[in-house]
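Labels run A, B, C and D following the written order; every chain starts at residue 1.
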Amino acid sequence: MLSVARRPLSAAVPAGNLLGIHLFKCPDTVGIVAKLSERIASRGGNIHSVDVFVPDDKHVFYSRSEFTYNPKLWPRDELHKDFLDLSHYFSAQRSTVRVPDLDPKYKISVLASKQDHCLFDLLYRWREGRLPVDINCVISNHDRSEDNHVRRFLQRHGIPYHYLPTTSGNKREQEILELIQDTDFVVLARYMQILSESFLQSYGKDIINIHHGLLPSFKGGHPSRQAFNAGVKLIGATSHFVTTELDAGPIIEQMVERVSHRDTLQSFVVKSENLEKQCLAEAIKSYCELRVLPYELKKTVVF
Amino acid sequence: MLSVARRPLSAAVPAGNLLGIHLFKCPDTVGIVAKLSERIASRGGNIHSVDVFVPDDKHVFYSRSEFTYNPKLWPRDELHKDFLDLSHYFSAQRSTVRVPDLDPKYKISVLASKQDHCLFDLLYRWREGRLPVDINCVISNHDRSEDNHVRRFLQRHGIPYHYLPTTSGNKREQEILELIQDTDFVVLARYMQILSESFLQSYGKDIINIHHGLLPSFKGGHPSRQAFNAGVKLIGATSHFVTTELDAGPIIEQMVERVSHRDTLQSFVVKSENLEKQCLAEAIKSYCELRVLPYELKKTVVF
Amino acid sequence: MLSVARRPLSAAVPAGNLLGIHLFKCPDTVGIVAKLSERIASRGGNIHSVDVFVPDDKHVFYSRSEFTYNPKLWPRDELHKDFLDLSHYFSAQRSTVRVPDLDPKYKISVLASKQDHCLFDLLYRWREGRLPVDINCVISNHDRSEDNHVRRFLQRHGIPYHYLPTTSGNKREQEILELIQDTDFVVLARYMQILSESFLQSYGKDIINIHHGLLPSFKGGHPSRQAFNAGVKLIGATSHFVTTELDAGPIIEQMVERVSHRDTLQSFVVKSENLEKQCLAEAIKSYCELRVLPYELKKTVVF
Amino acid sequence: MLSVARRPLSAAVPAGNLLGIHLFKCPDTVGIVAKLSERIASRGGNIHSVDVFVPDDKHVFYSRSEFTYNPKLWPRDELHKDFLDLSHYFSAQRSTVRVPDLDPKYKISVLASKQDHCLFDLLYRWREGRLPVDINCVISNHDRSEDNHVRRFLQRHGIPYHYLPTTSGNKREQEILELIQDTDFVVLARYMQILSESFLQSYGKDIINIHHGLLPSFKGGHPSRQAFNAGVKLIGATSHFVTTELDAGPIIEQMVERVSHRDTLQSFVVKSENLEKQCLAEAIKSYCELRVLPYELKKTVVF
């Protein structure tokens, strides 16, 4: 597999200090980083990394900064206000600041269908402390017996499980909307239903999907079979934002693995599942670390 | 990059012996490997590896064997006759035997257009002894001055260069056919012309193409631009056999590289060119080592 | 990480047939593969792959073959007898034949200390069916409470757990020997004790260890700290056979990961643990699939 | 191979602007990035990336910044003065600023012995414009005929070649010192001589060496043979700064490749040479892009 190597969150946080992350999008102008870092310094904080992206001829400025600061000298609400100021000052279209060790974790719901490898992998990583989210519920259109291993896991950890069977006439979107309304974003862990435009508009927040093919190849159903029949030598998985166009939202991560003539449709599926798990987890982790921003119609910045 | 790791040709050849390679395709039955290895042993030779592929329910048997033998005990023409016998015995659809250190190298022609990175890379590998072929000529539909580095290289090594400019009305296929008729196979090193069905039939031998996209995505023109606009996080290159359907022949190799929001269309092209060179060279090398067999309509066995 | 890509076990087994694996070591001579495959064919079986290794000037022949056969035509005990015949015929030093879907799984004991990441990873893979072994017991010199997750797992699956605290004066080797006497091989999953020569001789079978360093660098204690202090840019893990010389037995697998100035000793340990798990699991899997043979004093053949 | 993926130099430089790089080391305090970026902004420039490293409890601050600016508004000598000011202000131990498209390239000398793969690879990359250096001369203690391919290459490009044969009694260090005195740093491209302490002190600038082993394993002579005899499954190469202790200077880059029982000592060497070339080129490129700083006694920061 061809792995990603994002720079990890800064570990060099002085004792008594906290790490803050700031994601920013505004019209391009001179001195944005200077202003940001000056404000942070004026509160006794220190920039640890800044990553700027200014697309050619687009006059848009994107940045992501990590900084450390002393929470006694810079209380959370003042920090918030300071960044709000900066946001107004630069007419920002987006300004998010997070202090991972202080702020509540992102709250998510996970939607799944019959295939549970991505769902279970998320739960497992969550339990190991490697996915910085709170899971408010799992919603599935596939029934699972009480002693199914997903059900047992959820029960043991007090996460509600909602079985909402869908039909072509009833996608249960209203009930889903109610269950997910308090979340920060939603994850489709191989949820095999297309969400309607009105659902997407009503929810209004980000939805991250995992597609078991190397988009834009192999959209729609049975991508592993499509890839198998096409005689490819590489298969892949793609995590992306959900938009109204099927499997065409901005791509966050892609992963690939080699296949050969010896691989069967079944081993394509096994290899794909392994990719899907890692690709989805990586996308969620990046999202929670404020690395991901949609960009133009079909693109993402992933700092 | 996600590299391939083919098992290298056996290096453990006893002094005075030679390495032979045998590629075989026939209806599946019992005892094929036994018969092959018995014949080899009866001549004092030894099997070093056998790789068999029998697709599910297809009743076809593919194998590739490497063996060492003493050429004094088993002269080349008798070796040939022995494998021909076996071929008849098993009603083989394909039986090729090569002794790389004895047989003439495969003779190829290379067709190119303006972009010369693949062409020059092939020439460079050839000079370094890493591509076991003889190049009988280079044909290009793009003019190059006498002191162009490709021209200089070819001149220094006595390889003819033919400039055959193409128009929509005249693809120069007849002249190309004459130039390539003595070759064992043909390589399209970014030759930006579609070859006609009648050309393919007249030539009748294998043609290997490099496509600068991860097929079946991004067929046709400007695949790097297509990929750039699609916001992919991975770009790739594909070497494949040429068939009458554009960019849809059986895939031999695929290679990928990561891209990010920081990549420009230009850096997509640079990364792609690097992939194309490696992907094409790997395909040619595999082909010459008798590892590659088309399989079903769109697939290949690559031992 | 730089992953290994062993060819998977042949999946193309005709209905009603079984896959057999044969590992062989004997003095080199002409016609060994021919004889093996002829015997298999005479029973209606078919070779699927043969891999031969004849080290330069060593006059030793190693081979590993996969074949499929009909168990009704070739009962297990006759198959055994046939390969025993061949073994005598070629004066083999080693001849092992396995039919994974018929033969009992290899029985192992796992020894561990305080760090349980390798132990738990093995148990998890075993439960998922990805490690073809039976675990007869887990032995630890570190106490674990009744509701420790390893203990719970073992209890749920009926695997005995033995707590045998060691002191410098009492390594509990006699008790360990009794517990492991029925096993096929033993796995040290970060067991932080050196086993005595007499223990190794008494047990007499293979013991596989995982070392959290890239041997022969960083032998002995605290290899992560040693690597950290040496300012390396790559860390690794090594699985190897245990011999009387500390951390110097024949290497089976090695895996590496990048580190940078940003990594702390703690993140070295985290990355190392991830490598250790995969490196140990891969070694055990290869061993069970008859791919591994010690070779010369310090080397292994890993087909 | 496990490749490195340094973030490439920022390509998003507005028309008429230039990219500047600044490397900084000073005692840690509050507001360093703020001060740096404010100064850049005050000249109409913009920070594109900042990467800070503050080792635990070391009270040292390292940073590397990329910025773009208009050279008409900020002439090179004023830019220089501004950063000198900052350097004084923070009592910096190190402050280097480079404008790659304006400043002269780093001037280097390359020392080589008989093995010329690294030397030739450097020359080739240099000619392709992929190594941003000027080569003032090549020094070798191995004779090469006039029509050797290295000699021809150097002659064609007007780079002096000095043959300085060494004996155990005469290392020719005085003559070498004279030849390299105008360089910015020196590259040992498999120069098989140990440089004396007085030589290192006299030169006083950085010397980058390539070692054909995975340090700290396999120091000294014949590392490939050492690795071969140790039965490793991974071989590597290491580029590092030269210090008075043999093969023990701070490591800049390391690269690895898989080997197996099939590899011979000769194929170890071939694989190693491939690693050495890439590892050395990567180190030089990183150095020229101001990414590399020695850190503590045996470590490097490689931004």
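Criterion: a residue touches a chain if its C-beta (ideal position, glycine included) is under 8 Å from a C-beta of that chain, and two chains touch if they have at least 3 such contacts.
No experiment lies behind these values; they were computed from the predicted model shown.
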In the contact graph of chains, the distance from chain B to chain C in steps is 1
If we define chain centres by averaging CA atoms, which chain lands farthest from chain C? Would you check?
-> D
Please report how many Å separate the Cα centroid of chain A from that of chain B, as a whole number.
-> 41
Whole-Å distance, C-alpha centre of chain A to that of chain D, is 38
Could you check chain C for residues that touch two or more other chains and list them?
-> 1, 5, 12, 53, 55-56, 258, 262, 264
Chain D-touching residues of chain A, taken from the complex the two chains share | 5, 12, 14, 30-35, 37-38, 40-42, 44-56
Residues of chain B defined as touching chain A within the complex = 1-2, 4, 53, 55-56, 214-217, 229-234, 236, 250-258, 260-262, 264, 295-296, 298-302
What part of chain B is in contact with chain D in the complex they form?
-> 1, 3, 5, 7-8, 10-12, 258, 262, 264, 266-267
